[in-house]
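The same chain A turns up in both complexes below, where it pairs with chain B and then with chain C.
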Partner chain A sequence: MRLAIDVMGGDYAPREIVAGALQWAEQSEDTLLLVGNEYLIKEELQLYQYPTERLEIIPASQVVEMNESPASALRKKKDASIIVATRLIQAGQADAVVSCGSTGAQLAAAIFILGRLEGIDRPPIVASIPNQAGSYSLVVDVGANVDCKATQLLQFALLGKAYASIVMQLGNPRIGLLNNGEEEGKGNSLAIEAYKLLKDQKDLNFVGNIEGRDLFADKCDVIVCDGFIGNIVLKNMEGLAALVAQACIAELGRLPAFFERFDYTRVGGAPLLGVNGVSIVCHGSSKREAVFNGIKTATECVKKDIINQQKIVLQTTV
Partner chain B sequence: MQEFFEIVRKILAEQLSRDESEITMESTFEELEADSIDIVEMIMALEDIYNLEFPEDDLEDYSNLGDLVKALYEYLQQVQK
Partner chain C sequence: MRLAIDVMGGDYAPREIVAGALQWAEQSEDTLLLVGNEYLIKEELQLYQYPTERLEIIPASQVVEMNESPASALRKKKDASIIVATRLIQAGQADAVVSCGSTGAQLAAAIFILGRLEGIDRPPIVASIPNQAGSYSLVVDVGANVDCKATQLLQFALLGKAYASIVMQLGNPRIGLLNNGEEEGKGNSLAIEAYKLLKDQKDLNFVGNIEGRDLFADKCDVIVCDGFIGNIVLKNMEGLAALVAQACIAELGRLPAFFERFDYTRVGGAPLLGVNGVSIVCHGSSKREAVFNGIKTATECVKKDIINQQKIVLQTTV
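Up next is the complex of A and B:
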């Protein structure tokens, strides 16, 4: 497998990104394409011994900064690392791209370079959260689209259904809409409109509204929300987990084993759904372990053929 | 200019699933619920039609559709001279 790594994106780029990529190269047979500033990458590589035959440097002279308008950056910075990395998939030179940089830029690159799957306006990011059944629920979208239309939430539900059937082998996953009340008619205008669309959609096992306290209650397999709310949910979980971890260490002197299920570095990254290629979005604060696991997620998505699997589900439901 | 705007209107109407009559020169992007991805998509569609590349301006500089259309049209006129 050939994996394009955006080495310039993220709070700890390029050092931690290169380190995570090298860890993956050492324990796999994959070829890693390190995309970014050639000089900086070579400087980092000098610090390690690595399998040179499975590492390639792909020069990219620009970086999309976190404060830039992603869509404008896409036009202005044609040699940005995320653009160059995504083009490698388009050119058939890479099977997946992994980035810890600007999510918006990665989204824009995926939309305009890889293209969207039929019937999809805006690709969402999917993330899994632990639930009380000892399994996981999927949350779609966790940050790619902050302003959504009701039709887009319906598309997120369909993509969530597709992804749940791929990664959780669920034939007819339960779909819930994150809202501030369980009853139909609750919520803001977006939630009310989205509820109607979800309820009317054929072949969708819509179980209704899910309140914030029921996120972990195993009431549904796929939780649909816009990226603004989804990102707050995810970051809130991170913050709460850190607070509880601190209290556990203070009282018990150690972290209980279940905490591993809340550790984002163990997941590493989440795929953008609804685009015609595997693009893995990693946390901006990723260090080497998270990068390593983000690359692992990319290889799993390629092996599971998530693009064609999504196409199959979309063809039967859209 | 009007002919150019009609092309823009047609592209946007299809992209945003709106009636063409809802799209005017005075429309703000907010009113049209068009985000920066929509605008870039529209510009790229125009680039395909006219076989050129428009300048890479900051899209945030335009407060409404009319301002953007005028800027794109002026560039088109320059190129076609």
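Up next is the complex of A and C:
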């Protein structure tokens, strides 16, 4: 497998990105394409002994900064690392791209270079959160789309269904709608409209509204929401879980088992769904272990052929 | 002080509501007006020895159910306990109302019977969450208004400022906007518009956007958001904190100090802001301790004259 790594994106780029990529190269048979400033990458590579035959440097002279507008960055910075990396998929030279840089730029690059799947207006990001049953639930969208229409939430549900079917090997995943109350009719105008669409959609195992307190209750496999609230809720959980970790270790010496599973470095990356290629979004604050796990997620998405699986679900249900 | 208690609202009504009210009556000099089904209340009172001279039963023959539309309930059920209780304030017979029943009905009763403060379109509910500095932050709105305009978020900020000034005794409370990124320009269209209004508002100590992971970081005293997301985030925190409690006690024998502060029974109630009277919203699942603490919150709001304090802030800044 050939994996394009955006070496320039992220708070700890390029050092931690290169380190995570090398770690993956050592224990796999994949070829890693390190995309970014050639000089900086070579400098980093000098720090390690590495399997040269499975590492390639792909020069890219620009970087999209975190505070830049993705749309204008895409226009102005044709040689940005995320663009060059995403083009490698389009050119058939890479099977997937992994980045810890600007999510907006990664999303824009995926849309404009790889294209959207048929029936999808706005590609969402899917993330997994641990549940009390010892498994995980997926949340779609966790940050790609801050203003959504009800039809887009329905698309998120279909993509989430496809992804859960593949990675969690579920026959007909349970779909829930994040809401401020359980009863039908609860919610803001978006949620009320989305509820109707989800309920009316054939072949969708819609289980109704999911309240904030039930996100860990294993009431459903896929939780649908807009990316504004999805991002806030996900970060809130991570923030609170980090406090649990700190407080438990300081006061009690260790962490309860459930909260070990909140460590995002173990998951490493969240796939963009609804685009015609595997693009893995990693935390901006990723260090080598998270990068390693983000690359691992990418290889699993390629092996499990998530693109075709999404196409099948979209063709049969939209 | 005279306190109207909606004895019929809540998952554990009337038993736990009556018990909490009696507990308050025993340790205070306040008079408690128990509003609801006379027969049921008398039956409950037989279980206790109680200070009869400071307890009054105010008959109300109807109850607003949790799944009823508040607007139609208000029209049809003129003798509902929450309506009778709220009318006692209007009639000068009570200083505050406390309810564990339908929040929508309590809000509607407050708006139509007590009236809104000048300059306020939609009254919000304020809740407090513990922060790492050992203090609390306020969140406005946590569920009263699921679809908001930017001007309403500005009003929430002003009401939150007034309330924080009083209860937290802060000179000029720091106001933050819940958002999916820190930088100006981040957010959904509502957040982007609200950011501008908050930034331009004179005499408001606006500190910018607050991300989900920073809700506990003591970056601001008042966190402004719409009631849809506020409700989901608050319930999510409570859900996660309950899991912390369960896991820590089961696996480690006790709870880290920070998480003890998440126990909502200790706070007990959240005031409605922006209405012309003290109306305290309690959890539907409140038991006696939470009811007791809700009544305590009511007495503090009356003592601190939160209505006039809100009027002063609104007059000087709107």
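Following the convention adopted for this analysis, the second predicted complex is superposed on the first by the 315 of 318 C-alpha atoms of A that agree within 3 Å, B and C clash if a C-alpha of one lies under 4 Å from a C-alpha of the other, contacts with A are read in each partner's own complex, and residues count from 1 in each chain.
FYI, a residue touches a chain if its C-beta (ideal position, glycine included) is under 8 Å from a C-beta of that chain, and two chains touch if they have at least 3 such contacts.
These numbers were taken from a predicted model, which means no experiment stands behind them.
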In this superposition, the partner of chain A with more touched residues, chain B or chain C, is C
Under the stated touch criterion, which partner chain does A:212 make contact with: chain B (first), chain C (second), both, or neither?
second
Check your understanding: Thinking of the overlay built on chain A, is A:91 touched by chain B (first), by chain C (second), by both, or by neither?
Key -> neither
Practice task
For A:70, decide between first (touching chain B), second (touching chain C), both and neither.
Solution key: first
Discussion item. Per the contact definition in the header, classify A:147: touching chain B only (first), chain C only (second), both, or neither.
Written reply: both
For A:239, select first, second, both or neither according to whether it touches chain B, chain C, the two together, or no partner.
second
Overlap of chain B and chain C contacts on chain A, residues 147
Touching chain A in the complex, chain B uses residues 17, 33, 35-37, 39-41, 43-44, 56-60
Residue positions on chain C within touch of chain A in the complex are 67, 132, 143, 146-147, 178-180, 183, 187-189, 191, 211-217, 226-229, 231-244, 247-248, 250-254, 256-259
Touching chain B in the complex, chain A uses residues 69-72, 74-76, 107-108, 111-112, 122, 147, 149, 151
